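What follows is a pair of complexes built around chain A, which joins chain B in one and chain C in the other.
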Partner chain A sequence: MSKTESVVVVNNLKKYFPLKIPWLEALRKKEKPTVKAVDNISFDIKSNEALGLVGESGSGKTTVGRSTIRLIEPTNGSIKIHNQDIMSLKGESLRRARKNFQIIFQDPMASLNPYMSIGKSVMHPLEIHNIGSNFKERKEMVLELFDKVNLKPSKEFFNRFPRQLSGGQRQRVVIARAIITNPKFIVSDEATAMLDVSVRSQVLKLMLRLKDEYKLAFLFITHDLASAKYICERIAVMYLGKIVEVASTRELFEHPLHPYTKILMGAIPIPDPTIKRNKIMPKGEIPSPTNMPKGCRFRTRCPYAKKECEDMDMELTDMGSNHLSACPFIK
Partner chain B sequence: MSQENSLEIKNLNIEYLTRSGTVHAVKDASFSVAKKETLGIVGESGCGKSTTGHAILKLLPSNARAKGEIVYKGRNVLTMPEKEVRHLRGKDISIVFQDPMTSLDPIMRVKDHFLELMRAHKPNVKEEEVIQTASEALEAAGVSKKRLDNYPFEFSGGMRQRVMIALGIALKPNVIVADEPTTSLDVVVQEQIMEVFRHLKKTKDMSIVLITHDLGIVAELADKVVVMYAGEVMEYADVYNLYKNPLHPYTQLLLKSVPNIKIDDMELHHIPGSLPDLKNLPPGCRFYDRCPFAKDKCKKEEPPIFKVDKREVRCWLYE
Partner chain C sequence: MFSEKIGKNIKQLVGDSSGIMFLVGLFLLIIFVVMAVFAPYLAPYSPIKPTGAPLLHPQASHLMGTDNLGYDVFSRVIFGSRMAFSIAAIATVIAAAVGIPTGLIVGYIGGKLDSVITMIMDSVYTFPGLILAIAIAAMLGQGLINISLSIAVVYIPTYYRVIRSQVVTIKSELYVEGARAIGAKSPTILSKYILPNVLPSTIVVLSMNIADAIMTEAGLSFLGLGIAPPTPDWGYDLSKGQQFILQNDWWLVVFPGLAIILIVLGFSMFSEGLNEYLNPNIGEKR
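The block that comes next holds the complex of A and B.
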């Protein structure tokens, strides 16, 4: 994969959160204790490509999403979006650059200002980034986009307030707001998690359509592998701050390599009572990120764990045809 | 349907009286749960599935008006005096709620939860007996009995839900109502909790009423399924037939809108429109606005339940 065509290139991204400890202990200890929420992660996304980031809560997937667009400051790493070094930007220049990357959050009600009509909410980014010369022109752009995200009749919707909309409609407003500045990169952080089944598929389809139409690079953060399969070309599986496996969606589902991926896949309930699977169950629960196991972080729960797992580092290695896995023992 | 039903629900109607009008939350729901059977109640938010589940234990808020029958051991729970219902709760019928953090008392040890539960039914129960029962129940739910002295905050979400399940099965009830027991949990933990239920199904003589919005969970656990929409039972069938050959247009569309990891390049559908206002319901079928097969009759007349080879469906298509 050549790096030049990638819209998003993230290398060695780290985000450590400092832990609060009693001051006396803090004085004594040389190294401040941290939670390694994201520990040395690299990935890239091309235009018109969706990369799924899946994992359990606490795996650090949201932190990856937010630090990639500097909503929280990464501890270390390099981020390039649309050939621009995001890490070196500050203040106003960072604000200007935000036109190129947007985020869609989980809860649309919390993402929209309840006192602002949805038309104005979606128009807001245009005002911030000085797109369009006057109100009329901007309103035209919003109306056009409302049609695209199926908020019809768009003129009527323009003056509505978030509370007058259903959950699915609200999320479509949030998507419209993210897309209106014509960004190159969108982070979707569990954008469909709160929606009902019948509405969720509609929002998924909309995101897929917009991705194609705007040639977006998409980081699709979710705990739901089935949605990721539907949207994404490639999927990265995260566990305790590390990516444990990356592969094309088809490859990942046909030949999952890392034990954690296998467990995750077996755990997804399948809406078909005739399918009975042999499930591998993990031992125990996700360990506390403040007290991470040495070596492979998954070894405490891994059904295939052996002695060697204690002193290996979880580096992704290519197992052939761009299928990366952090487990050297299963090929 | 089998003769030995542990629970029978007949023409259940539930309304909530609110300041802005009457919410018709459940209308004419009828179904039964046989011994050792798992019944799934599935539907989207606002379909009345939780209201139905809570009604089984008479746990509805004071502004709710319930009519109809919930027959347990030949008696209607809805008309039973509160004092007698208290004897049923926990011992005969128990419930596992969705959110294990708010369902457990944060300042009570796990042991005390069991103590409280057992004292309610047997005021002078000995502590040894409580510990004995609690250990067995915890073990069945996959929690070590060493954790009896722990407080809820010392448990993870999944473990708390296991404690809730242990409390639910401690007094060996005949019916356990599980209201979205895995919704706030991660997939892997969810799978572990489902394993607990699978184990319970195999080892205990219990009927389970499983309330969920997840069609995958229903497919994996339930024997029979009730599909609810806007307060009505739209379809009632055994799990295999329901998934193989859904009859009601709503069930058909719902099944087509769930992404399935076993299908490549799946074409996803969605159901256009949204739920009708439960305070101001249209006269005809409640699914009329969103139904691709809607006819004139559907708009005017509400469909009754039709029987189609031992299955039930509320749709004029099967007249």
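The block that comes next holds the complex of A and C.
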């Protein structure tokens, strides 16, 4: 996996949220308590590749997505998108760089300005980044894209307002807005989670098509393994702010290595009641992120936990053919 | 934005009680606006010249009687609407022009600035309105602009509070984050994404405030802090008229008082109906 061909390279990304404590206590304690939402995460995505980021809620998936494009400020780490060091950018230059990376949010109902027609919403990025010379040219570009994302007839849609659209249509508008500046990298933050199943597959197909057409690098954040399997070439599994396993989609589904991944796979329902399988169930509850277990973060719930787990780091190691896992005991 | 909404749904408006309230308010306001605009044509006499014997009862030649100097009360009530409207309008415009941008910017920036400005605004807000206006008016002295200013100061915090609280919620909306994600500058985000979403509630506050401002203005004039006589002004006429109540010269008080009540009622009903109408939660149901 050579780094040069990767569009997105993220190394040692950290995002700690400070906890609010009474100021008297803050004076006494030297180290301020934090929630380690994202702790030392590295990944890379090539062009025309979708990396799935799966994990249960609270594992820090969304925080990874937002800090990668600096919608929230990462505590530490290096981010390179399209050979540009994103972490070193400030103010105006960061604003300009934003045309290269975009985000699609989960809730299509809330991610469009209710007082702006959808045509203007999609046109706005063009105005901000000075793409196209005049209104007519920009409108032409928007209409063309509306056709592409199947908002037809595009001329009629141009002047509509978000409240006149269905959820699936709104998500298409949001996708159009993300794609209009011709970005290299798109974060899709649970983009299909709030859509009906029937609409979901259409939107997934649309994203897949656009990915191929624009040679996009996709970070596909989801808790739905089925959607991830459909769209992604590789999948990274997150648990409590750490990536525990990365592998190609096929490899991950066929030979999951990390105990947590195994449990996740075991939770996918099989549409055949005659098949019985030995389910491995996690013990107990997800630990509080303010009070993380020492060593491996999963050891408190892991069915294979041993004494050594207390002292190990959750380093990803290659188990062969680009299959990375953070559990050294299961091969 | 809202004129389109209202135009479309006149029928629905008449259909429910809030709609009727809105229309009655609108009707009252139109009467007063016509009165103010066409005062010279509607008034039978000059409001600042004696036109008959003093303290005449209401009669055909003087519909609302005359005051102790022989001024025609009817003409003074009509011309008084001009003073009420102009002071209320100037005061509201000043208050909105200061309160809205402050609320927008402070709410958007947040942090320490927010705490400090909000504390100042809240301390102004806790003063009883009329007392604060009296204090400022006493300092500034009489005159149209001075009175408007002292009323404006009372209402700046109202705008500030309404706008700031809305901005604080709206700035964490996904579409504002989306605007940041596409690389919009803060001024653009404020003007294109936040302002249109707070404006509907501002319009309601605006019309409510005008009603309040008219009352405050009448109060100030009543206490002799308003416009210099003999300029026609309802509050001043009221204070002059109350000296003659014991002689049973009721028309000196009743007619200017009625004018104040009706115009305030008009604005309140109008704004209440508008509120029902522009409130997005109610709007969604229709």
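Convention: the second predicted complex is superposed on the first by the 324 of 331 C-alpha atoms of A that agree within 3 Å, B and C clash if a C-alpha of one lies under 4 Å from a C-alpha of the other, contacts with A are read in each partner's own complex, and residues count from 1 in each chain.
Here, a contact is a pair of C-beta atoms (placed from the backbone, for glycine too) under 8 Å apart; a residue touches a chain by one contact, two chains touch by 3 or more.
Small disclaimer: the values here were computed from a predicted structure and weren't measured.
Aligning the two structures on chain A places chain B and chain C next to each other without any clash. When the two complexes are overlaid, the chain among chain B and chain C that reaches more residues of chain A is B. By the touch criterion defined above, A:Arg200 lies against chain B but remains apart from chain C after alignment on the C-alpha atoms of chain A.
With both structures placed on the common chain, the touch criterion links A:Ile275 to chain B but leaves chain C unconnected.
With both structures placed on the common chain, the touch criterion links A:Gln102 to chain C but leaves chain B unconnected.
Touch criterion met: A:Ser166 reaches chain B, while chain C stays clear of it. Measuring from the middle, so to speak, at the Cα centre of chain A, the directions to chain B and chain C differ by 80 degrees in steps of 10.
After overlaying the two complexes on the shared chain, residue contacts for A:Asn134 are found with neither chain B nor chain C. In the superposition on chain A, A:Asn291 makes contact with neither chain B nor chain C. In the superposed model, A:Ser321 makes contact with neither chain B nor chain C.
Minimum C-alpha separation, chain B to chain C, in the superposed model: 6 Å.
Residues of chain A that lie in the contact sets of both chain B and chain C are absent, per the superposition on chain A. Those residues of chain A lying in contact with chain C across their complex are 69, 71, 95-96, 98-99, 102-103, 105, 107, 110-116, 124-125, 128-129, 174, 177, 181. Put simply, chain C touches chain A in their complex at residues 1, 173-175, 177-185, 188, 192-193, 196-197, 280. Put simply, chain A touches chain B in their complex at residues 56-57, 166, 168, 196-202, 204-205, 223-227, 229-230, 250, 253, 263-275, 279, 281-282, 285-286. Those residues of chain B whose C-beta lies close enough to touch chain A in the complex are 44-45, 156, 158-159, 186-192, 194-195, 213-220, 239-240, 243-244, 253-255, 257-262, 264, 266, 268-272, 274.
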